[in-house]
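Two complexes come next, and they have one chain in common, subunit A, joined by subunit B in the first and subunit C in the second.
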Partner chain A sequence: MGELKVVGKKVERVDVRSKVTGGALYAADVQLAGMLYGKIVRCYDHAHARVTSLDLSEAVKCKGVIKVLGPKDVTQKEYNASVLDMMVSADMRGVLGDIDDQSIFTDHVKHYGDAIAAVIATSEEAAERAAEKIKATYEELPVYLTADDAKQPDALQFRPEKPGNLAFQLPEMAFPNNAYAWGEVDDSFAEADIIVEDSFYVSKQKQCQMEPGSYIALYDDQKRLNCWTSTQMPKLVQKKLANLYELPMTRVKIHTTVIGGGFGARLGMVLEPETCALAMAVPGRPVKLLSPREEDWLTSPSRHPGKYWMKMGFKKDGTPVACDAKFENYKGAYYVDASGTAFTTGAWLGGMYKFDSLRYRGESYYTNQSICGAFRGYGNPQTNFVMEQMVDRGCAQLGADPIEWRKKWHKTIGDDGWCIGVPYNSCALDECLDRAAEAISWTEKRVKYKNQTGVKRRGIGVAVMNHTSGAMPMLLEHTVCDVLLHQDATATINLACSDMGQGSHTTLRQVAAETLDFPYDDIHIATGDTDAAGFDIGAHASRTLYVGGGAVKQACEDVRRQLFDRAALELEEDASNLYMEDKIIHVKGASNKSISVQTIADQGVNNFMNPETGELIGQPGQIQGYASFFPPHNAPPFGATIAEVEVDTETGEVKVIELVNAHDVGRAIHPGVVEGQLDGGAQQGLGMALTEETYFDEKGICLNNSFTDYKMFGPSDMPKMTNILVENPDPTGPFGAKGVGEAGIVPPVGATANAIFNAIGVQILEAPITPEKILKALEEKNNA
Partner chain B sequence: MKKHAITLTVNGEERDLIVPSNRTLLDALRDDLGYTDTKYGCGTGECGACTVLVDGKTSINGCLTLAATMDGKSITTAAGLARDGNLHPVQQAFIDNDAIQCGFCTPGMVLKAVSILDENPNPTEEEIRHGLEGSICRCTGYTKIVDAVQDASNRLSGVGE
Partner chain C sequence: MTSRVMRDFDLLLPESVAQAITLLATHKDKAAVLAGGTDLLVALKFDYDIDNVVSLALVPGLDVLEFDSERGLAIGAKVTIADLLKSSDVKEYYPALWQSAKVFATPQLRNTATVIGNILRASPAGDCSLAIYALGGILTLENATGRREVDLDDFWISYGVTARKDDELTISLQVPAPATGQKSAFRRMTRVTEDLSKLNAAVCLQMDGDECTGARVAMGCVGPTLIRLPKVENMLAGSVVTPELLQEISDTVASEINPIDDIRSSAEYRLKVAGVLVKRVIKLALNEGNDQ
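Up next, the complex of A and B:
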């Protein structure tokens, strides 16, 4: 690889000018002629109840009301808002047991905020007023909030096909004994000198993307269903809506608007089915549906909370012999993503350390909580909280340094990755650990913070993680990219990958510019139109740069090959004897023989006849590049965080002093973009560890579905942050890049928990680690 | 409900409108006047996405302000910060410091930064962080936003030029 001209450079991001002036149009900002407004009526009285009566009559009479819709007025088809079922084969879908169990409006309320009806009116206010007039009565049902509640023998069954309210467990056919496993765990534990074991709780964290759910749908005069949405997955949502409304894909169009953050909350469908149901009821009129923050909280998926048990065995010399774990997650009211996270939570565990044997069982239980689905890390933060605390407990008993132990026993190149049978092909975790340790003076501080007795105690802790770039081979990985070379020798790259703010359109443009050897400004990334763009899975699993970038690179190489082929014909030289510089193609060693890309591109479009000779000038046909790209691997990113905290032993308060995040990113296509991912991930990781949890009372009423009552790290809460980008090119990534969209959130979770352990000598087993849990643990320690 | 005839000067342009007593400034700007650069993030004054400037300096939450109380006031939204096609130094600093990701908080965040610097042209990092409280960003961890405000402070006070 020669010197890189655009990759690795801090170019201006493609979208920031319109964002800084406010010109960027998010879905709520889109105005269409004749717009109507929808309001969904939700049950805020109960978390589990049957609707015994629904009176729409008063609402119909309200000023401005166009239509009022109950459960029978919309499609009766059940659906599954997740798109995971579209990323596996039909056979696999059967094996997994995915089911459709959601309906547009329900007469069986299964969580606080479940939808029972809707109003369409001429203004938002009129719709809200009318919605208040809808009267429902309910028969209250028992509320099940945890897996233990839901699996009671006499518990009501959420779905007849899911006995015991067990929505999902690892299927026997793919996972013998319902476990992701290798070796014989019981035999291995018999060889252990030290065994650590505990039961943890991981919390229901919310993405809190800044843009609340906003949608517009229009069933137009051409009988096409249009939906404006800030989805992470336009092509799969297009197909899902086509299936739900029984339309060919040619009659469903997703207009992807600027996305105000995703983090998994917009993975799959959210309120697209409901918005389209309203639009189908008023053909020819666009209907806008705006979720207030409190509603967005309850209708978009959260992280999977649950009980996470883990046991690890070590030999005296530190050898990790066995790991056994079980995650029983509280899935929420509907199936949605019951299978994916239940599996991956264990996969990240399996991908981290060289245990002789390992067994992980993942189970998803229906509960009367809002739904769970994808959230940045996809099970990895949960595993990090538990696994990394167990490792540090083991290290404490072994007398081992947590960094040295991790360096010795983490998996690396050639070892099985998170998917058994797919070995890691790159890993720079040792360098991450070494550089992070040096940056924060690990060794000195571990000595200094021993045996503190003051009120405020410092602690320092480490955690590591492995993740993925794309979901291959678990899920389908495929992106189509078209490159259109215009007659002025600029190029438009057309693909369906959403940029939800992470900067992927910038980095994809850099990949295109570098591959074509065009200036960055000569490239435009066109996305968001499902009529024009070919297939793409969507923005998830840290895949957009790795897989989308792979597609862009391949399609641009196609353009370059065509340019060289045409130049070869024009210059009467072999293509292998040509080179390009400043968009001019030269013959090697013959400086006077050249043709510009501009000429080739122009002649391809404007293929005029030479009036004297009657021959066509140049090579005809507009050059287009194409790739239908399936990545060869999943280029695992690795990372380490070291956290330093100060714990007030009188109040239980934790102040995070410093975080050092060192990540093996393959190659930083845009260093500012990569740092931004690590910074933002850390803010969420710290929240997961210390403050963020969605609380419900015993009746299942959500207590903090608002920014007022849900505590995120604010500007003054954030610690000193240092990011170390370790660039160890992955052999399969575009220019060596790996996906870093999720990596940043993961190790701050375990590192913060371990720093608290280091400070106070006791581990807190429930996330988030709030002051009252610390005080309780300290009290128990003192009483012991 | 009582309606009020009011005049707002938004980004230097005088606009007459009639609003009911309960109309928020946010809704009046977005829905009545089309200033969609002012964002709804929470509706409860917690996130600052609806921040606008009154009389060019004081930042307020549009979602907590009734439009009728703003009669005769001058309001600045993010769209009104640029002058003669040039971005405001705070806007340019947000771009140059990679302080923008999803961009949904950006208009409010930029206006908040302008008001911080108007009050205190040379803030410390701690003062910047304190000043940004009440504006939520979920993408950046605030790191690069703080860098951008610091950088803008330097630009506005001529440091390093």
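Up next, the complex of A and C:
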């Protein structure tokens, strides 16, 4: 690889000007002629109830009302808003047991805020006022908030095909004994000198993306269903809507609008089915549906909370002999993503350390909480909270330094990765640990913070993580990219990859510019139209740069090959004897023989005959590049975080003093974008560790579905932070890049928990680690 | 029901105190007064009873923020939290108030929310209200029959309920001038920096050398209204503030409060930590370090 011209540079992001000036068009900004407005009526009285009567009559009479829809007035088809079923083969789909259990409006309310009806009106205000007139009566049902509640033998069954309210467990057919495992765990524990074991709780964290759900749908005069949405997955949502409304894909079009943050909250469908149901009821009229934040909170998925038990065994010399774990998550009211996270939570565990044997069981239980689904990290933050605290407890008993132990026992090149049978092909975790340790003076501080007695005590802790770039081989990984070379020798890259704000359209453009050897300004990334773009799974699993970038690179290489082939014909030279510089193709060693890309591109489009000779001037045909790209691997990113905290032992308050994040990113295509991901990830990781949780009362009423009482880390809560980018190019990534979208959130979770452990000598087993829990734990320790 | 759309209401724009009072007399409990609006505009989405909003925007004379070494600090109905932070008098003579203003909500809200609005909200978690409670304050209210003064000690009746009558306009607040040796401080605990308090405390100590001759100690988030701690005040009055006394005070606080479990914290935690907070706020007032 020669010197890189665009890759590795902090070029101007494609979206920055429109976002800071307010020019960016979000779905809420889109106005269409004749637009109507929808309001969904939700049950806020109960978390579990049957609707015994629904009176729409008063609402129908309200001013401005066009239609009022109950459960029978919309499609009766059930669906599953998740898209996991579209990412696996039909056989695997059966094995995983995904089911369709959602309906547009329900007469069996299963969570606080479940939808029971809707109004379509000429204004948002009219729709809201009419919605207030809809009267429902309910028969209250018992509320199940945890796995333990839901699995009681006499508990009401959410779905007949899921006995015991067990929505999912690792299926026997693919995972013997319902476990993701290697070795013989019970035998291995017999060899252990030290065994640590505990039961943890991981919290229901919300993505808190800035843009609440906003949608428009229109069933147009060509009988096409259009949906404007800021989805992360336009092509899968197109297919899902086609299935739900029994239309061919040619009659469903997704118009992707600017995405105001995703983090998994827009993975799969959210309110697209409901918005389309409204539009189908008023053909020819666009219907807009805007979620207030409180509603977005309840209808888009959260992180999977639940009980996470873990046991680890070590030999005296530190050898990790066995790890046994079980995650029982509180799935929420519907199936969505019941299988995915239950598996990956264990996959990240399995991918981290060289235990002689390991067994992980993952189970998802229906509960009367709002749904869980994808959230940055997809099970990894949960595992980090538990696994990394257990490792540090083990290290404390072994008398081992947590960094040295991790360096010795983490998995690396050649070891099985998060997916058994797919070995890691790159790993720079040792360098991450060394550089982070040096940056924060780890060794010095570990000594200094021993035996503190003051009211305020400092602590320093580390955590590591492995993640993935794309979900290969568990899930389909595929992106199609077309490159159109214009007659002025600029290029439009057409693909369906969404930019959620993470900067992927910028980095994809850099990959295109570098591959074509064109200036950055000569490239445009075109997205947002499912009629035009070929297949793409969507933005998830830290894949957009790795897989989307792979597709862009391959399609641009196709363009380059065509350019060189045509130049070879024009210059009467072998293509292998040509080189390109400043968009001019030269013959090696003959500086006077050359042709510009501009000439080739122009002649391809404006192809004329020489009137004297009757021959075509140049080679005819507009050049287009194409790739239908399936990545060969999943280029695992690794990362380490070291956190320093100060704990006030009189109040239990924690101040995060400093965070050092060192990540093996393969190659930073755009260092600013990578740092942005690590900064933002750390903000969510700290929140998961210390403040973020969705609370329900005993009746299942959500107590904090808004920013008033759901607390994220704000700018002034953030610690001093250093990001170290370790660039160790992955052999399969575009220019060596790995995915970084999710990595940043993961290790701050465990590192913060471990820093608190280091400061006060007690581990807090429930996330988030609040002052209330710390004070209680300190009291228990003092009383012991 | 969630909502994105504010309800219909009539916006009334009086141009004098007299006009405003007339409007309040007409609409009584069907009217709300708009000064900063940071609470009201949220409430308007859900409150079916507010048909009339009486805005003070065009009423002159309510934006007075004036310090006089004898009469003290006068705060008009339209004075914002941000205004307090711009006042060197507030910073110098009323440190508790200044400290509470500094951490109040967010910069955007501080620019809009009024000091008197915070008092009228009658929240048991109010920050500026708590600081003023410790410093002492007299509200001037006016209706068609004339003006009256109400001591803050008698103003908050229960959660969200005050001694203000529906037809009364709150004109101003007077905080007494500090005597030589007055020291005050405010401290609060929150889940994150930008948050409502989950526990807050403010003190105003009258010091004569090492001796405390009188004290007002107030706490929030430990009852349906902001409260004062008479036992603690008595322990301080006439005493030299020693580490032993501070420990005794810290141990006493729990017996004077009645906190509940809520989304921000638990009764158990508040009972455990309130004493620590009071101890720390006293030390802060006496400039003995601002941390422990």
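By our rule, the second predicted complex is superposed on the first by the 784 of 784 C-alpha atoms of A that agree within 3 Å, B and C clash if a C-alpha of one lies under 4 Å from a C-alpha of the other, contacts with A are read in each partner's own complex, and residues count from 1 in each chain.
As a working rule, a residue touches a chain if its C-beta (ideal position, glycine included) is under 8 Å from a C-beta of that chain, and two chains touch if they have at least 3 such contacts.
Just so it is clear, the structure is predicted and the values come from calculations on it, not from any experiment.
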- Message: In the overlaid three-chain picture, which partner chain does A:295 touch, first (subunit B) or second (subunit C), both, or neither?
- Response: second
- Query: Which holds for A:712: it touches subunit B only (first), subunit C only (second), both, or neither?
  - Reply: both
- Partner chain in contact with A:535 - subunit B first, subunit C second, else both or neither: neither
- Message: Is A:775 touching anything from subunit B or subunit C once the two structures are fitted on A? First, second, both or neither.
- Response: second
- Which partner does A:449 contact after superposing on A: first (subunit B), second (subunit C), both, neither? neither
- Message: Taking the superposition on A as described, I'd like to know which of subunit B and subunit C A:520 touches: first, second, both or neither.
- Response: neither
- Message: Quick check on the superposed pair: does A:695 touch subunit B, subunit C, both, or neither? Answer first, second, both or neither.
- Response: second
- Message: Using the superposition on chain A as set up above, list the residues of subunit A that contact both subunit B and subunit C.
- Response: 124, 290, 292, 708, 712-714, 716
- Item | Residue numbers on subunit A that touch subunit C, as the complex places them | 41-42, 44, 124-125, 128, 131-132, 290, 292, 294-295, 455-456, 650-653, 691, 695, 703-704, 708-709, 711-714, 716-717, 770-772, 775
- Item | subunit C residues within the subunit A interface of the complex | 1-5, 189, 191-196, 263-266, 268-269, 272-273, 276-277, 291-292
- Per the touch rule, the subunit B residues reaching subunit A in their complex are 31, 34-44, 46-47, 49, 77-79, 81-82, 87, 91, 94-95, 98, 100-107, 110, 126, 128-130, 132-133, 135-146
- Mind pulling up the subunit A residues that touch subunit B in the complex? 10, 12-13, 15-26, 28-29, 31, 124, 207-212, 258-263, 290, 292-293, 500-503, 672-673, 675-676, 679-684, 706-708, 712-716, 718, 721
